[in-house]
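Dropping the structures in below, format is structure tokens.
Here chain A shows up in two complexes: once beside chain B, once beside chain C.
Take a look at the complex of A and B:
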């Protein structure tokens, strides 16, 4: 395999970045749509159905032609799909209102921080260990070169993700402060305290996979957790997974931990004063964060691109098709989607915690549990390896 | 009269936050001025009057019959109970009683709207605490209730169903079959809601011990209805001074122990089941009674039927007299209270014998309850204050009148 030149490396990196951004911007609107639909079905309604009329727009065209063919249009149910575009258009086109006494620069900085931090965390996520695909020979400039499965699958990947993720909280705190308004301030302070508290059990629960795989590199950790363990990792890691995922809810400000936004108490929390695309950045950032949290959970606990999680990969029957035993980006994406569904499902099921109770959950239950989990992982590691 | 804004004594550097007049958790238009020490509420000043329409004053210029639509707008979540409460007061002043079929139907629709009111209260309280799904489960039933009320009264929200001396009309043909469907589905929905909430640890943590009140304090504040019963007092006007033949129905009064939000929720849920029981008995009674008049046969009080008006001189004169001059009211005053969904709904009417009452006063159940908001919310967190406000079931329409 030829060694790529500097130009080729840069072009490949650019292509990777574009692919990841495309992935993000495909999965986020779909999550928003899925949230509407899934929540709708949980709550005995249909969800979004009303974006395009029966006679106008693309679906209208299809509907009309179906009527002409003498068929009842079935597209009505899916008519909410254009809302994916409509949402973004709405946010871009809306007037961007800034309170008179808001801090101009910080008011602008906060949503960008929040959004950029969320996107950047994806850089270290590896979709497939090793090569994702090789460019065919006929491709100019980069033909015959491999495209790796992660943008920057560096050996401090987890550290990078955690570090960048905690930058996101600055976005929220600064938003509250810069708005110069009371509800955002309360919301952002809540959020600051909440995210700082929950980062402790989150990191502690992620330490267990680190301990078991002996690496901080995303692909290496995923590989070890899925295939490299000489035992079923499920016993010591179930607890870690639950602790991690619970903290994930808190990190992404989702129900039951949606304190910073707590609609019925603080109107809209830290983004009360935001409108237009600035609000849109917070909104998208939250969903990207959900995807990041799901990706980490899928990578470290659910076997990443392998079919089976928790070191159960050995269970794949050798008589089954060989690709079931191979890593595949599709498995990874499916796991992310499943976890995103859990996010929505939980939102439809349980009420919101109170601020002090959230703190109690973190410090009284999750941190001790995460420590116990770490101890278990250490013992397993000591005894088994 | 000079309208003064409420003066706020600011001590230390506490944050003052306006909850309302338009805020997601102030259902209706009311305003709370919260003084916060961090997240803790050190003082909550309720300010009312944003929905003041002068209903009582308006009543002084309307005939007794014309006031009924205004009672719809008091507690708009259960307007039929206001209609019933008001007409009972006027009937008490007149010394008449409506026919038995009308009484049963009044009980029936009152209990229906009691269920509707409790559904809204419990549902909205759940939304405030973040459980949106339970709210939508409940609203499915509320839709059926409104369908039923629409069948009976022709209007979903502002029913104006009663008339002095009876009802506007009898319940229509399809009413009872739909009601039976509702009777079948309501317990299931309540079970579903209870599965979501009652044993949910988060719901329990959020509501248990929040907004506690002792029975003595509750009485001192003038609590009535579910909030008082949640505090542990089995006080229910339907049992204490039965009206509309409530003594003939079998039902229990659920009571709580601590009066906190959780108990209020449980009491309301159980009351819905009890109302369900009462409705079941109503259906039976309606079947036993068979068809009959739903308004008194006294043309000095109630309008004669249209076919008589068009064919008989006497009835035409009665119709004319009733519409133009109103009912011949005796001079006197009366206070009549009914058990509305929120508590004791009282109407105090002073009559000087004229076409319209000399004075009407409404005793809304949530006014005294709302007064205690400061005491209830003091020292709690903002989230608790919102939960308490939801469990009080403040309806701005009857609070401000």
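Take a look at the complex of A and C:
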């Protein structure tokens, strides 16, 4: 295999970056769509499960023209799509209101920061260890070179993800401060304190996979946790997975712990004063963070890109299809999607905690549990390896 | 073309791309689209801070707030530094019983502080 030159490295990196951004901009609207539909079915909300457009306007055009062609309109099959499109259009086209007292630069900086931080955290996630695909020979400049399965599978990947995820807190705190309004300020302080509190058990619970694999590189950790152990990571690390996923809910401000949406106390939390695309960036950042949390959980606890659990990959014999034992980016994405479904499911079923309960859960229960889990992991590692 | 910094090149590229995408979208929706499509109808009441419909009570929101949040931040730094010290240990831990006991001693020392903080009531949100 030829060693790539600097130009080729840069071009491949650019292609990877574009792929990551495309992946994000595909999975986020799909998650929003799925969230509306699933919540609609769980809580009997009538809109998202029924709406198929109208007789007038854009959706009416689609419906009428498809009836004319003698076909049942596509909007009748994919109910809720007009709602998603309306959401996105409204986000882009709504008037941008900036209160006169707001700090102009920081008011603009905060949503960009939370969006960029969320995207950057996705960079260290490796979808499949090794090569994703090799460019065909006819491609100019980069033909014959491999595209690795991770965007930047750096040797401090987990540290990078944790560090960049912490930058997201700045987006929230700055948004509250820049608005120069009381509800956003209180909301951002509460969200900031909550995220900061849950960061400790989050890091402690992620230490267990680090300890069991002896590395911080995402692909190496996923490989070890999926194939190096007799089981998937979730079997010896059930406690760690539960602690991690609970913290994941709190870190992304999702429903049992969603302070920003505690309407009865804080109006809308830190993004009360935001509208239009600036609000949309907070929305995007939240969903990207959900995908990152799911990706870490899928990689470390649910066997990453491997399909077969319990070390059965080694037992695949020539009579079985070969892909059963091979890592595949598709399996990884399916696991991410399943975990995103769990996020939505929990939102539909579990009511919100009170604020003092949220803080008590983090400091009094999750930190001791995470430390016990770490001890457990050290014992497993000591006895098993 | 291989140095220890090579794997970090994509991160730099992604940072630039994410900044470009972010600022681009904000520019299009904040400057370009208002010229053509978006409504722009600023009114004085619309531009005041949101107060649930009540007339503005105090001019500025930049006032003092609960010391509780500072306490949480300080505790966070303590325990996050603990986690940061645990990270290199976790990477290097290879069935090494000696480092295991060292780390138990370290965590136990911190747990004394944890119990003290709990006993003082710093973990209770309302007292």
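Here is the rule we use: the second predicted complex is superposed on the first by the 329 of 385 C-alpha atoms of A that agree within 3 Å, B and C clash if a C-alpha of one lies under 4 Å from a C-alpha of the other, contacts with A are read in each partner's own complex, and residues count from 1 in each chain.
By our rule, contacts are C-beta pairs under 8 Å (C-beta built on N, C-alpha and C of every residue); 3 or more make two chains touch, one makes a residue touch a chain.
Please read these numbers as outputs of a predicted model, since none were measured by experiment.
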Side-by-side fit of chain B and chain C on chain A, or clash: fit
First, second, both or neither for A:356, with chain B first and chain C second: both
Touching partner for A:374 - first (chain B), second (chain C), both, neither: second
Touched partner set for A:267, first chain B, second chain C, both or neither: both
Which of chain B and chain C A:256 touches, first, second, both or neither: first
Partner chain in contact with A:182 - chain B first, chain C second, else both or neither: both
Partner chain(s) touched by A:6 [first = chain B, second = chain C, both, neither]: second
Chain B versus chain C as contact partner of A:134, first or second or both or neither: neither
Superposition-derived comparison: chain B or chain C, residues of chain A touched: C
First (chain B), second (chain C), both or neither touched by A:275: neither
First, second, both or neither for A:119, with chain B first and chain C second: second
Closest Cα approach, chain C to chain B, once both complexes are overlaid on chain A (Å): 5
Touching both chain C and chain B, counted on chain A across the two superposed complexes: 182-183, 186, 267, 355-356
Sites on chain C touched by chain A in the complex: 1-2, 6-11, 13-15, 17-19, 21-23, 25-26, 29-30, 33-34, 37-42, 46-52, 58-62, 65-66, 68-69, 72-73, 75-76, 79-80, 83-84, 86-87, 90-95, 97, 100, 107, 111, 114, 118, 123-126
Touching residues (chain side chain B, partner chain A) in the complex: 15, 17, 23-25, 36, 39, 126-133, 136-137, 140, 196-197, 200, 202-203, 205-206, 381-384, 386
List of chain A residues in touch with chain C within their complex: 3-6, 8-10, 13-14, 16-18, 20-21, 92-101, 108, 111-112, 115-116, 119-120, 123-124, 151-155, 159-160, 177, 179-186, 189, 192-193, 196-197, 199-200, 203-204, 207, 210-211, 214-216, 267, 272-273, 276-278, 281, 355-356, 359-360, 363-364, 367, 371, 374, 378, 381-382, 385
Of chain A, residues touching chain B in the complex: 42-45, 182-183, 186, 190, 255-256, 258, 262-267, 348-357
